[in-house]
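Structures incoming, each one as structure tokens.
Here chain A shows up in two complexes: once beside chain B, once beside chain C.
What follows is the complex of A and B.
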């Protein structure tokens, strides 16, 4: 069994984890997509209903990926250090951890995106898919960074939730003006554009790619440092 | 009883020694509720209270009335999930050492109640900065009941599906149940008929009645809320009791074998 497969299986040990990774985003997108337009208007946003609905898929993928990243990082510190010492090296261990977490985040993102397509339809589906994936990548990094700093599961989960709630309710569509600290702003802009039937311009795609790449790099460095640490 | 009191005191002290937890349990409600209410427009909205009465209000006031419930439900649910983890890890050893299962579990549930109470007080205080319910007692009682319900649901979820799945269930469950289905900001201004099957229905109706009505007409919803808490409490006691008692039978065998060796 490859390292990535072993790490993936480790995350799925608890019963129903894989089922919930799919069902929770599906139910969230189905139930909230219809009301997000009203909610956005109440919050001072100006989104059309379909554009607001598309955010539900991004949010679902984001929170699932964030908690996945947190639990992957917080629970693997000791094991990763020993694996690195046993000869794998910190970089290979980190790459396997990232791959395992990305695989599971991809499952949740795919479930959310598929439900969005079925529920409301999206004018630019590939753009929306890329944006939902970007949400997952950004929040995977958030979870990994929180997990590398906070070991307690309750505090870590609350911290990820705090970042998530701060971000999504200050982001595009949910506020009259998106806050500068909204880390998923670019992903939200692309997702909203896809939902509205508009194509995003090249600058938005470049910024989204840079942010996503930086997040993957940050998560990789966090795993490497954890695998090298003596604590 | 002194075992329970000692274990409860130590459990509360254990939680109080975690400053980040206290900061998050206080800071998250403060930020979430304050920001949500401040950012909501005062768009007019007619909502339906328990008993079919209609009230004209606005979106900001409705958001003010419902945000505390969403926050308390989600936070109490998460605390419940991780109380379960503590039960798995430590309380089996207490039972092996001679505690009765309920003597080991009661302190955990009391710690959960204390954490729910802390979040409740902070949430109500923050809500009071921006919104004044017509009847504070009903409003607070409904919010407490939603916290207790979701705290117990979190405990069960942690036992059945593990911490990752339970964390997702608690956040999305609270947001969908109380933030969407029960929320009079959306739909017709009253929950749909099928919403009565969800745990947030009873407390949600009590909260909205307390927020917008000077006289209490949500007796049925209150009774439903209390029933949810009692039934969940029994289920949690049975499920957690079984989890720590699995070793209890083994412990009795060991103690019996020990006595035979020493006589």
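What follows is the complex of A and C.
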């Protein structure tokens, strides 16, 4: 049994995880996409219906990955540190945690993307899949960072939800003027383009890759700091 | 005061075998408590010092809130210290007061993870695990998740993980809470067997009634350790 497999199994054994993976994508993509578009127009935004569906898949992946990332970081901190002190060291424990978390982010993204594909067609499916995965990775990092600072499940999950909501309503197409920066801005741009039948240019992909990589690195560092010895 | 780095003692050094396995020297620790801008400093340890030698069973007693668990966590490395020195061997086992386990993983999975951490593999890991399951009599639960275990059985697993690699130094923080009477007696037998084999054992207890089972006893009072 590898450490990554153990930590992945640990997360998947929570019934709540399976509910999140199934229910949230359905709610976001099937039930909320239309509402998202109406809300954007009410705020003066210009989100088209197909773009709203694609974005909803991104938000679904983000919400699930952020929640799972938070609980991965907050609930296992003590046991992870004990394992690191036993001889594995914080880097190896963190590597296993980030690998397991990335696997869960991949599952969340696949569930969201699968729901999107089943619900509507996507002109550029691979672009959309990559952007949905980027959403999941970015919010995984948000969840892990919050989880490494806040141990209370209520306060931590509220903090993740707060970041999520701010990001949703400041995203492109949601208002007459988009906020100058949001953490998922580049992922949203690529996803909207894919949903609208447009390909994104190389610069957008590079930026998306840099942002996603930085998020993975930040989450890794958070796991290392949580597992390290204090002596 | 800046903390002195914790040095590790090389287990192969002959001089170490004849002297203390664990040395805690003049450790100070304070916590900040209260709301920001109105925080106050609560001094828990004010120069705590103790030693434990190979083959010794040393107790650390004190009232509730005296800082016993804090000192233990500093020795292990879970908590930082404000100043002082902790010299401990590479191979130590720690049984925390509250089980630090993964609720969704099974007993067997816990043993596998810790065996890897301790550098145990294959037959050695399996033999050690099976021995502990037998000694503490919880083999029936090997495929149960921790969340499905009773408090006492969780504590058995908590203790077994600290003993899996037969450490040079065993640090036990009230290890028998939740044990039934038979398991409690079995714990002392296990500990005595290992002490005779040369293991150094430091046990935190708030019960002076167990003093007869111990060699030297330190009492943590006013942030310092005094031999009683």
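As a convention for this text, the second predicted complex is superposed on the first by the 221 of 231 C-alpha atoms of A that agree within 3 Å, B and C clash if a C-alpha of one lies under 4 Å from a C-alpha of the other, contacts with A are read in each partner's own complex, and residues count from 1 in each chain.
We adopt the following convention: contacts are C-beta pairs under 8 Å (C-beta built on N, C-alpha and C of every residue); 3 or more make two chains touch, one makes a residue touch a chain.
Just so you know, these numbers come straight off a predicted model, no measurement behind them.
> Both complexes share chain A, so when I overlay them there, do chain B and chain C fit or clash?
Superposition check on chain A shows chain B and chain C fit without a clash.
> Please work out whether A:206 is in contact with chain B alone, chain C alone, both, or neither, and reply first, second, both or neither.
neither
> Taking the superposition as given, does A:169 touch the first partner, chain B, the second, chain C, both, or neither?
first
> Who touches more of chain A, chain B or chain C?
Tallying touched residues of chain A, the top partner is B.
> Touching A:9 in the superposition: chain B (first), chain C (second), both, neither?
Only chain C is touched by A:9; chain B is not.
> Please indicate which partner A:118 is in contact with in the superposed arrangement: first for chain B, second for chain C, both, or neither.
In the superposition, A:118 touches no partner, neither chain B nor chain C.
> Can A:20 be said to touch chain B (first), chain C (second), both, or neither?
first
> Regarding the shared-chain residue A:152, is it in contact with chain B (first), chain C (second), both, or neither?
The answer is first: A:152 touches chain B but not chain C.
> Name the contact category of A:214: first (chain B only), second (chain C only), both, or neither.
Neither chain B nor chain C is touched by A:214.
> Check whether A:28 is in contact with chain B, with chain C, with both or with neither, and answer first, second, both or neither.
first
> In the superposed arrangement, which partner chain does A:225 touch: chain B (first), chain C (second), both, or neither?
Neither chain B nor chain C is touched by A:225.
> Quick check: superposed on A, how many Å separate the nearest Cα atoms of chain B and chain C?
Minimum C-alpha separation, chain B to chain C, in the superposed model is 9 Å.
> Which parts of chain A are in contact with chain B and also with chain C?
11, 13-14
> Can you name the residues of chain A that touch chain C in the complex?
Residues in contact with chain C: 1, 3, 6, 9-11, 13-14, 75-76, 78-79, 81-88, 229-231.
> Under the touch definition given earlier, write down the residues of chain C that touch chain A in their complex.
3, 5-6, 74, 76-81, 86, 94, 96, 100-105, 109, 112-114, 116-119, 145, 161
> Of all residues in chain A, which touch chain B in the complex?
11, 13-17, 20-21, 24, 27-28, 31-32, 35, 38-39, 41-44, 60, 63-64, 67-68, 71, 150, 152-155, 157-159, 161-162, 165-166, 169-170, 174-175
> Please give the residue numbers of chain B that touch chain A in the complex, ascending.
Answer in residue numbers: 18, 20-21, 24-25, 27-28, 31-32, 35-36, 39-41, 43, 59, 63, 74-75, 78-79, 81-82, 85, 160-165, 167-169, 171-172, 175-176, 180-181, 185-187.
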